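Take a look at the structure set out below.
Labels run A, B, C and D following the written order; every chain starts at residue 1.
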Amino acid sequence: MRFFSPYFILSFLLAFGAATAAYSQTKGNLWLATGLQLQSGRDRGFSPMIYSGNRSFSLAAFGIESPHKTETFQFEFGYGPLTNRFGNSLNALSAGLLNYTFYHKESPAERGLHWGWSNQNVFNIRRHNGFTNYSLRYDYFTAIGPALRYTYPFEWKGQSFKWQTLAHWQVVGFQIKSGYIGADPEGLSEEKTGFGNLLRAVDPFFAGKEWSMGLESSLIWTLPTGNSLAIRYRPEISSLGGGQPVQRLGQAVLVMVTIRLW
Amino acid sequence: MRFFSPYFILSFLLAFGAATAAYSQTKGNLWLATGLQLQSGRDRGFSPMIYSGNRSFSLAAFGIESPHKTETFQFEFGYGPLTNRFGNSLNALSAGLLNYTFYHKESPAERGLHWGWSNQNVFNIRRHNGFTNYSLRYDYFTAIGPALRYTYPFEWKGQSFKWQTLAHWQVVGFQIKSGYIGADPEGLSEEKTGFGNLLRAVDPFFAGKEWSMGLESSLIWTLPTGNSLAIRYRPEISSLGGGQPVQRLGQAVLVMVTIRLW
Amino acid sequence: MVKQARYFWILVFFLLSCEQWVLPTDPSPDPIEVFDRLWEDVNDRYSFFSHKAIDWEQVRETYRARVSDDMGQLELYELLADMLFELRDGHVNLSTGFNRSRNWDWYQEFPVNYDENLIEQEYLGTDYWISGPLLHQVLDEVLYVNYRSFAQRISESNLQVVVERAKRSRGVIIDVRNNGGGNLSNAELLASAFAEEEMEYARQRIKSGPGPEEFGPWEPMVLNPWEEGTFTGLVVVLTNRRSYSATSFFAQMMKTLPNALLLGDQTGGGGGTPVFGELPNGWTYRFSATQTVDLENRQLEDGVLVDLRLDLDPAAMQRGEDNLIEAAISLLRR
Amino acid sequence: MVKQARYFWILVFFLLSCEQWVLPTDPSPDPIEVFDRLWEDVNDRYSFFSHKAIDWEQVRETYRARVSDDMGQLELYELLADMLFELRDGHVNLSTGFNRSRNWDWYQEFPVNYDENLIEQEYLGTDYWISGPLLHQVLDEVLYVNYRSFAQRISESNLQVVVERAKRSRGVIIDVRNNGGGNLSNAELLASAFAEEEMEYARQRIKSGPGPEEFGPWEPMVLNPWEEGTFTGLVVVLTNRRSYSATSFFAQMMKTLPNALLLGDQTGGGGGTPVFGELPNGWTYRFSATQTVDLENRQLEDGVLVDLRLDLDPAAMQRGEDNLIEAAISLLRR
């Protein structure tokens, strides 16, 4: 997993970049970022205790900026051990795809406030190291909601800088969670047919009962070559209700390079 | 390890980039690459059998090109399980720093054959999963030797491409290897003083008895923005004699992005 | 433009203030809180209340009165251990680092029926084979296999040699007395080497909600013949009251096979797979969260009954004989 | 320009052709090759040839003649097992998947002196404490601790409770009979809880080259008192011939302490740390590669002698008594 994700993403981008390089009106960018995420979470299916720790966290994103809108496809990956305050531990892995679209028909793309929407898909899996049975639990959700972006460019000592904050709030979608005791979602094994089975395991995701929102604040230093180096701070929360509730809180600090593809 | 390496490298580059951006005559580039390495190796301290497998392999490099010479500092990291043909396994981790300097006073930097020298530092550590005692062994060497680079730029369907092959051969240096039975190098524990101890553990590295050589062949697609995407093939061999000999053979295929910093 | 940035500062502060709301701090480690958490989790997820006719509300009333927030950790441990003891279940433990509570009534009141020293000296001898965790020796043309813990993994090559030696013998004895269980996959692998065809041997269901009768559907448990080849001659499995958990499942698998029979005393039970939990003071616990029944809907929790009931005879032991092994040998040689 | 590229093609082909030269293929799995590899590796790395007066060249002559490339794997296994048996070392094994060779003469010829059923029924009872792998019970104001395998990790909190209970008792019995060893760090941790001050208890050296007497320097092995607090009252350690490897080291540590004494039979030995190896047919093996001597330069390989020699008495057993435990109790209560 650790290895294949950036590999496949880059392969995809190589192919994708080649296909879209012909667009003359657009700009294509690639982001690569890596850093640490302080994650805290609770899964009632395991314990009433909070498990937290510093995980490694990386992301790779691809963005297309056309005159009227900006689209970003961001793949995220986090992995590491979390412990509770008595030293019990679990290993938590997250993989997600976070897509943004922002509209800037009336104002320049480089500056100001832009509205848009976002789509978030997150898969979380954790293995408890102290439990011999039912030690694996996971959850997944996909949801859409509004997004907001604020960009403020400035100069400092003759260099170009940019402050950018993105916010997203997931409103409606679907979720799948591990069952009351075991790893398989409730209802998954009742029938033998694959798809009917899957449908039984899917629950709705509604803002109010479920939550997922986050910010991405970046301080970006744009190089004369058009590439940039940046530091990003990325707080986020998520909470899935029903069955055994799952809550999570993450704060990642990342160093990031942006590569202008065209 | 997995997380800190790219993180620190990037932090270092951010600082380093800022310091050197003032040079007007030079070009600064950052490479990031990830892929798979088919590694085969034998450590007589463990077994007469070859252990091989596909490991994840990544590298981050920083290069400065001035009118007369090109310098590259490349950090490499590989990790993964290797198995012998009966299914026994060990986990092998490699971390290395490979530096190149090429001279091109008489010919353009973009084309042709250039001589130079290289310095390679590699640390390898492996843990055997089937052995209960003395299951950890490692080796390290640092050596210098000649290097050669050939660059051939060409155009295809209106896009700029470049074929580049680098070769290096390590001639003289130092090595430290695990002992006859245990992980600690022979002689390491004879005295209690740290430095005298370390000197006892160090053996010379001489081409003929020891070997380390490798190639890096890249097919590079240069984007209009000055950045590039590339595929790199990277065969290498190394062999350390004396005590319990260690031999290794690696072939990595990597996808790579190059980021023009200035 | 900068004015618009205010939205963002509001957002940032909102998000940071969510922390306590989304993820409240850990519950208090006070004895009353600890007691309530444990009682409630057992109430919600334990699977044998109705089968064992346990009134858990009544248990709460008895023990809750004895909890106070100024009691010591040792007293609290003893109280909780006593409460869990009422479940009469070997898969229930409370682990504290200083002690681990357990209920071993399922074997402590019954004859031991197993003497390891005797088996090593009189049956295994010094030249028995060690194939991973399987210790085996040929006794009067019969292959005797001793397996002491299903927690020890059987590899395919371990099993291969047992099957091959079995084929050259007049039958197999598998001794899982005192085997306290372990991993179900080892039980399935070992039993699969003696199965001629696919067969259902039990059905299992799992708690699916906090209600006392909230269970998922009954799922069949199926044994498949080992693909590398099986031994379909006669097999005698020796069990005692200390054959527990995965060993009960193994006994049930073998009992279902037409070519195998169980000899000795019934198994201790352990038909519920345990789920784990944590208390706010860091102690961990486990208890059964599933039910397993045989093909006649008898709970495996009550133990798997043998086909031939036989106890170890002290007089035979005095002669240096294990009369269970001797009985199995004469059965197989008949 | 393109002409220069030829250098590179030459380089590439050179590099690829190096493969066989840098990394020759695996040796042949033929019996003769397998035999030679094993004999040679033992010859180079085994540590007790001179101490045990073994003529390994002579052993080669005896066994090499019986190897042929058309022999079966089972025959080859038996031949190699017989050859390794000559080392008279419990830390020597050949593992093949179907069987594991061993030399257990160090206990098989001696009295067992240990009955687990007896200890469970008469001493531990049903209400003993379980602190990780340490099972303990107070007997006549004396703390009896039973530890069955140094392979099972002792945690700091496990040890804490033993030390605390020890402090409230008139002395401690640590029963490591039948404990076949495991991890030296568990031995050091357990012994450290009874050490008043830092002390050297043994010296160890490791093979450093293929010559029969090529060893690194003697390194002292040191026991440090446990930082969390120690029990410095009287301790009796019970050992038998099956106390081996890490258990011999533990016995040696305790023997060096002024407040502890050993009772029972000497330990089985196992004073060499085993190194592992692989044969070209995939079998693995291990054998001793170090030597350890006590403060009088006596090899731990020969076993650690007890302070008080005592065997289990069948008459006492008949009465339901373990006379070693009884002797330890009366020693501590004196």
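To be clear about the criterion, a residue touches a chain if its C-beta (ideal position, glycine included) is under 8 Å from a C-beta of that chain, and two chains touch if they have at least 3 such contacts.
Here the structure is a predicted model, which is why all the values come from computation and not from measurement.
Colleague: Counting hops between chains that touch, how far apart are chain A and chain D?
Modeller: Minimal hop count between chain A and chain D: 2.
Colleague: Measuring between Cα centroids, what's the chain most distant from chain B?
Modeller: C
Colleague: Express in whole angstrom the distance between the two chain centres, defined as the mean CA positions of chain B and chain C.
Modeller: 51
Colleague: Starting from the mean Cα coordinates of chain B and chain D, work out the distance between those two points in Å.
Modeller: 41
Colleague: Using CA atom averages as chain centres, what separation in Å is found between chain C and chain D?
Modeller: From the centre of chain C to the centre of chain D is 31 Å.
Colleague: Indicate the residues of chain D shared as contacts by at least two other chains.
Modeller: Answer for chain D, listing residues that touch two or more other chains: there are none.
Colleague: Please output the residue numbers of chain A that touch at least 2 other chains, ranges allowed.
Modeller: none
Colleague: Just say which it is for the chain contacts: an open line, a closed ring, a star, complete, or other.
Modeller: ring
Colleague: Could you please write down every pair of chains that are in touch?
Modeller: So the chains that touch one another pair up as A-B, A-C, B-D, C-D.
Colleague: Quick one: in the complex, what on chain A touches chain C?
Modeller: Answer in residue numbers: 40-42, 46-50, 84-88, 111-113, 128, 130-135, 148, 150, 152, 165, 167, 179-182, 186, 189-190, 211, 213-215, 217, 235, 237-239, 247-249.
Colleague: Of all residues in chain A, which touch chain B in the complex?
Modeller: 2-3, 6-7, 10-11, 13-14, 17, 21, 30, 32, 34-36, 56, 223-227, 229, 255, 257, 259-262
Colleague: Which of the residues in chain D end up touching chain C in this complex?
Modeller: 97-100, 102, 104, 108, 112, 115-117, 126, 129-132, 155, 157-158, 160-161
Colleague: Which residues of chain D touch chain B once you look at their complex with the stated criterion?
Modeller: Against chain B, chain D makes touches at 1-2, 4-5, 7-8, 11-12, 15-16, 18-19, 22-23, 25-27, 37, 45, 206-209, 214, 216-217, 219, 273-278, 280-282, 284, 286, 289-290.
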